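My structure is below; once you've seen it, I'll send some questions.
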Amino acid sequence: MASDQLSLLRRLRIRSHDLLEAGTSEDRLSVVVDCFLIALIILNVIAFSLETVESVDAEWGRQLRWFDVGSVIVFTIEYLLRIWSCVEIPPLRHLKGWKARLRFAARPMLIIDLLAILPFYLAFLGFDLRVLRVLRLLRFFKIARYSPALQTLGQVIANERHALYGTVIIMAALLLTSSTIMYFLERHVQPDAFGSVPQAAWWALSTLTTVGYGDVTPVTALGQLFGGLVMIFGLGMFALPIGIMATGFSQEI
Amino acid sequence: MASDQLSLLRRLRIRSHDLLEAGTSEDRLSVVVDCFLIALIILNVIAFSLETVESVDAEWGRQLRWFDVGSVIVFTIEYLLRIWSCVEIPPLRHLKGWKARLRFAARPMLIIDLLAILPFYLAFLGFDLRVLRVLRLLRFFKIARYSPALQTLGQVIANERHALYGTVIIMAALLLTSSTIMYFLERHVQPDAFGSVPQAAWWALSTLTTVGYGDVTPVTALGQLFGGLVMIFGLGMFALPIGIMATGFSQEI
Amino acid sequence: MASDQLSLLRRLRIRSHDLLEAGTSEDRLSVVVDCFLIALIILNVIAFSLETVESVDAEWGRQLRWFDVGSVIVFTIEYLLRIWSCVEIPPLRHLKGWKARLRFAARPMLIIDLLAILPFYLAFLGFDLRVLRVLRLLRFFKIARYSPALQTLGQVIANERHALYGTVIIMAALLLTSSTIMYFLERHVQPDAFGSVPQAAWWALSTLTTVGYGDVTPVTALGQLFGGLVMIFGLGMFALPIGIMATGFSQEI
Amino acid sequence: MASDQLSLLRRLRIRSHDLLEAGTSEDRLSVVVDCFLIALIILNVIAFSLETVESVDAEWGRQLRWFDVGSVIVFTIEYLLRIWSCVEIPPLRHLKGWKARLRFAARPMLIIDLLAILPFYLAFLGFDLRVLRVLRLLRFFKIARYSPALQTLGQVIANERHALYGTVIIMAALLLTSSTIMYFLERHVQPDAFGSVPQAAWWALSTLTTVGYGDVTPVTALGQLFGGLVMIFGLGMFALPIGIMATGFSQEI
C-alpha cells in the first residue's frame, strides 16, 4: 500500500511537472493552467495599478486586497509545485532531491517567483516595508515564461552587447558634450533651466532621444543653433541601436 | 430569345466580375472604374471629416448629405454587383449560386463593404444610433483592395507575430515598471499628475514612445534622473519592432 | 581662319562640357568649378534665409541684394554654358544642335536650373510676384547634381514605391480612425481642440509621428487610454517605412 | 651593472607597454589597470558635471578640485608612460626613439590624451582661459580606447559616408523648404515665432526630427495642414539614415 501511495505521488509529481514546465499544446489541461496563470498575472498587475487610484481604492479596496490574498495563495501553490516536481526535469533527474531543488530554486525565473510572493509573508512577520510592496510588480515578469520569442529577443541583445556598449558610450559622449556646451550657452539667460550641467542634461537627454518635452528649450540664437545640431545627432542615436538590432535579428534567423 | 437574354446576363455578369474583381491594367474600363471608386472613397472620407466642422456644415451641410446619399447608392450598386458576379470567381465556380454568394459575402472585405453602407439603411428603419454612423469610416478600408503591397505588409506582420508579442510584453513591462517607480518618486510633489499608477502611465507611455507631450514632466532631481533612464529605454522600444519588421521584410522578399 | 575659330569654339565647348558635366577628380579645374558652384549654392541659401531676418536686412540688405545679382549672373552663365555644350554629351551627339539642346533643357535638373534664375528676369519684365521669389529656393536643389548617393536613395525609394504606398494607406487609415474616435471622446470637454475631425487630426498626426507637441492633449480618462493606444500604433508607423527602406537598401547593394 | 639597469628599464618599458596598450584578458594586472582608468575617467566626468552645481560646489568644491589634481597626475603619468613605451609597438619598433615617439604622439587618441590634461598645466603658466577648461571633457573620449565595438561603428559610418552625405542634403532641403513655406504661412499671425526663415527653421527642425518641443506650433489652418505634411516627411528623415546604417552593419558582419 505504501508503494501504491508512493507511486501515486510519483505520478502526481510527473503530472504537475508536465502541467507547469513541459506543457505542449496537445495537453488540454496544461493549456488551461497556462491561460489561467497568464490571466491571473495580468489581473494582478491591473489590481496593483488600480489600488493606487484613490477613488477606486475607497470603493473596491477590500475586494482588491482579498484578490491579492487569493493570488498569493495560487502563486505559492504554483511555486511549491514547481519546486516539488522539478526533480522530473531531465537535466536535474540524476541529482539528489534537495540538491536538484536548490539548484532549480536558484534559477532567475524561480527567484522572481519567490520574490513576487515574499512581501506578503514578510508582512506577517512584521517586516512590512513599503518598498518591499513594489516587489509585487515582479509578478508581471512571471509572464516571460510563456513567450518563446522573448528568449530570441534576449539572445539577440546578448549577441550584440558589445555593439550596444559602443552605442551607450556614444550616447554618453553626446549627452555630456551637448549638455556642457548648452550649459555655457544658456546659463546666464535661463539660470533655472540650464544652471548646471546635470540640469542641462535633462534638456539634452529629452532632445537626443527625440522625446522633446518642451518644458525647457534654448532661447538664445546660439543656443537654438546648437540645439538644432543636437536634434540631428539624436537621429544618429536612433539609427545606431536600430541598425544593430536589425542586423542581429537577421543573423539569428 | 430567353437563351439570348440569359447569355446577355451571363456576359454582363462576367464583364462586371472582370471590372470589379479581376481587372488588369490592359482593361481600360476596369482602370477607370477602379480610379472612380478610389476617388469616391477618398472624397467620402474628406466629406465625413468636413461634416464635423461646424462652419463647413452650416454652409455646405446639405450638399455633403446629398453627396453621402449618392455615394451610398454607388457603393450599394458596387456591393450588389460584386455579390451577383462572384459566381464567376474561379474557386467559387463549382458551388451553387447562393452557396457561393454566402461564402463570398462572408469574406472580410465584403463584410466591410456591407457595414460601410448599412448605417444609412438602418436609419430608414428607425435605428439611427450615432455610434453606427462611425461605421461610415469603414468606407476608407475598402481602399485596401487596390494595394497589393498591403497584403505583403499584412503577411510580414503575421509572420513576425510571435516576435511582436514578445515586444508587446517588453513594452508592457517597461511601461508598468516606469510608471510605478515614477509614481513613488513624484506623487508627493505632483499629486495631480502622478497621483496614481495609471496617471503616471500616461507620462510613461508618452516618454517611452518618445512622443513627449510635456504636459506632465518629473520635477524632482530623482524623478528626472529616472525619467532620463526611461527615455533611453524608449529607444529600445523603437529598436525592437523596427529590427523585427526590417528582418521580416528582407525574408519576405 | 574661320576653321581655326570654329575649332577653338569646338574645343571651348568640349572643355566647358568636361568642366560642368563630365568632371572627374583628376581634372583639377573641374573640381575647383564644382566646389565654387557648391559654395555659391550654399551661400545663396544662407543669404535667402538671412534676408528674411529684419535686423540683418536693415544692415546688410544692400549687400545681400548685390550678392543675389552676382549669383544670378553666375548661374545664368552656368546655365547657358550647359545648354551650349550639351551637344558633347554622348547620347545627344547624334542629334541636331537645337533638337539636342531642347531635349537637354527638358531634363528635370535643367528645368530647376532655369526656374531658379527666372524670377530675377521676370522682375525686369514687371512680373514681380512675391510667390515667384520662393523659386529662388530651387537653387538649393541644384546641389543634387553633385551627390551620386542621392541617385541611389532615389532609386531605392522608386523601387519600394508600392510598399511605401501601402504604408501611406495604413498611415491615412490610422490617422483617420484615431482622429475620429478622439473627436467623439474629447469634443465635449475640449471643444476648442477637438471640435471637429480635422482639428483632432492635428493631435493625431503629431502623436502618430511621435512629434508630440503637447499643445493639444487628451484630458479625459478614456481619451488618455485611447491616446496611449495611438502612441503605440505610432511606433508601427515608424517601423513600417524604416523596415521597407532598410530592405530596399540591402537589395540595392 | 649599467647593462643590468638598462635591461631593467627595458623590461619595465615592455611591461608598461603590455599593461597600457597590448593588454589581454589573461594579464590580470592589465585588466586591473584598465578598470582603474575607466573608473577614473567616469568619475572625472561626474566630478566635472557636479562642479557646475552650485550647492554641491559650495560644500564639496575643495574635494572635487583635489580629485581633479589627482586625476591630472594619474593621466599625466599614463600619458608619459604611453609615450615612453610606445617604441615597443611593433610598427614603430624599427624607427628611432624620438621619431617613433613623435609619430605616436600625433595619433588622434594621444592628442586627446594630451589636450585633456593640458588646460591644468596652462593654468600654471597664466593661460587660464575658461574655454580651455571645457577641454577637460575630452577625458571622457579616452574611454573610446576600451571599446572595440566603437571601431566597428566608426568603420560602418565611414563606409556609408556617401549615403549619409546624401541624407544630409535631403535633410537640408526638407528643412529649408519647410521653414520657408511655414514662414510665408504663419509670419503675419505669429511674428515672434515665425518672423524669419531662421526662426521658422527652429520649428521645422524640431518637427522634422520628431523632437516636437511644442514651444512654437502653427496655429492657422493652412499652417497646420502643411505642418502635418512636414511631420510625415520627418518619418522619412528617420527611415533614410536608419536604413543606411542597418545595411552598413549587415555588410560589415
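Letters A, B, C and D name the chains as they come in the text, with residue numbers starting at 1 for each one.
Rule of thumb we're sticking to: contacts are C-beta pairs under 8 Å (C-beta built on N, C-alpha and C of every residue); 3 or more make two chains touch, one makes a residue touch a chain.
Since this is a predicted model, take the numbers as computed values, not measurements.
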Selected pair, out of B-D, B-C or A-C, that shares over half of its residue contact pairs with A-B: B-C
Chain pair with more C-beta contacts, A-D versus A-C: A-D
Approximate Å spacing (C-alpha centroids) for the pair chain A, chain D: 32
Between chain A and chain C, centroid-to-centroid distance (C-alpha), Å: 45
Residues of chain D whose C-beta touches two or more other chains: 201, 210-214, 238, 242, 244, 246, 250
Chain B to chain C touching residues, read off their complex: 45, 48-50, 52-54, 134, 137, 140-141, 143-144, 147-150, 152-153, 156, 171, 201-202, 205-206, 209-215, 237-238, 241-242, 244-246, 248-250, 253
Residues of chain C defined as touching chain A within the complex: 210-214, 242, 246
Chain C residues touching chain B - in the complex, by the definition given at the top: 162-167, 169-170, 172-173, 176-177, 179-181, 183-184, 195-199, 201, 207, 210-214, 217, 224, 227-228, 231-232, 234-236, 238-240, 242-244, 246-247, 250-251
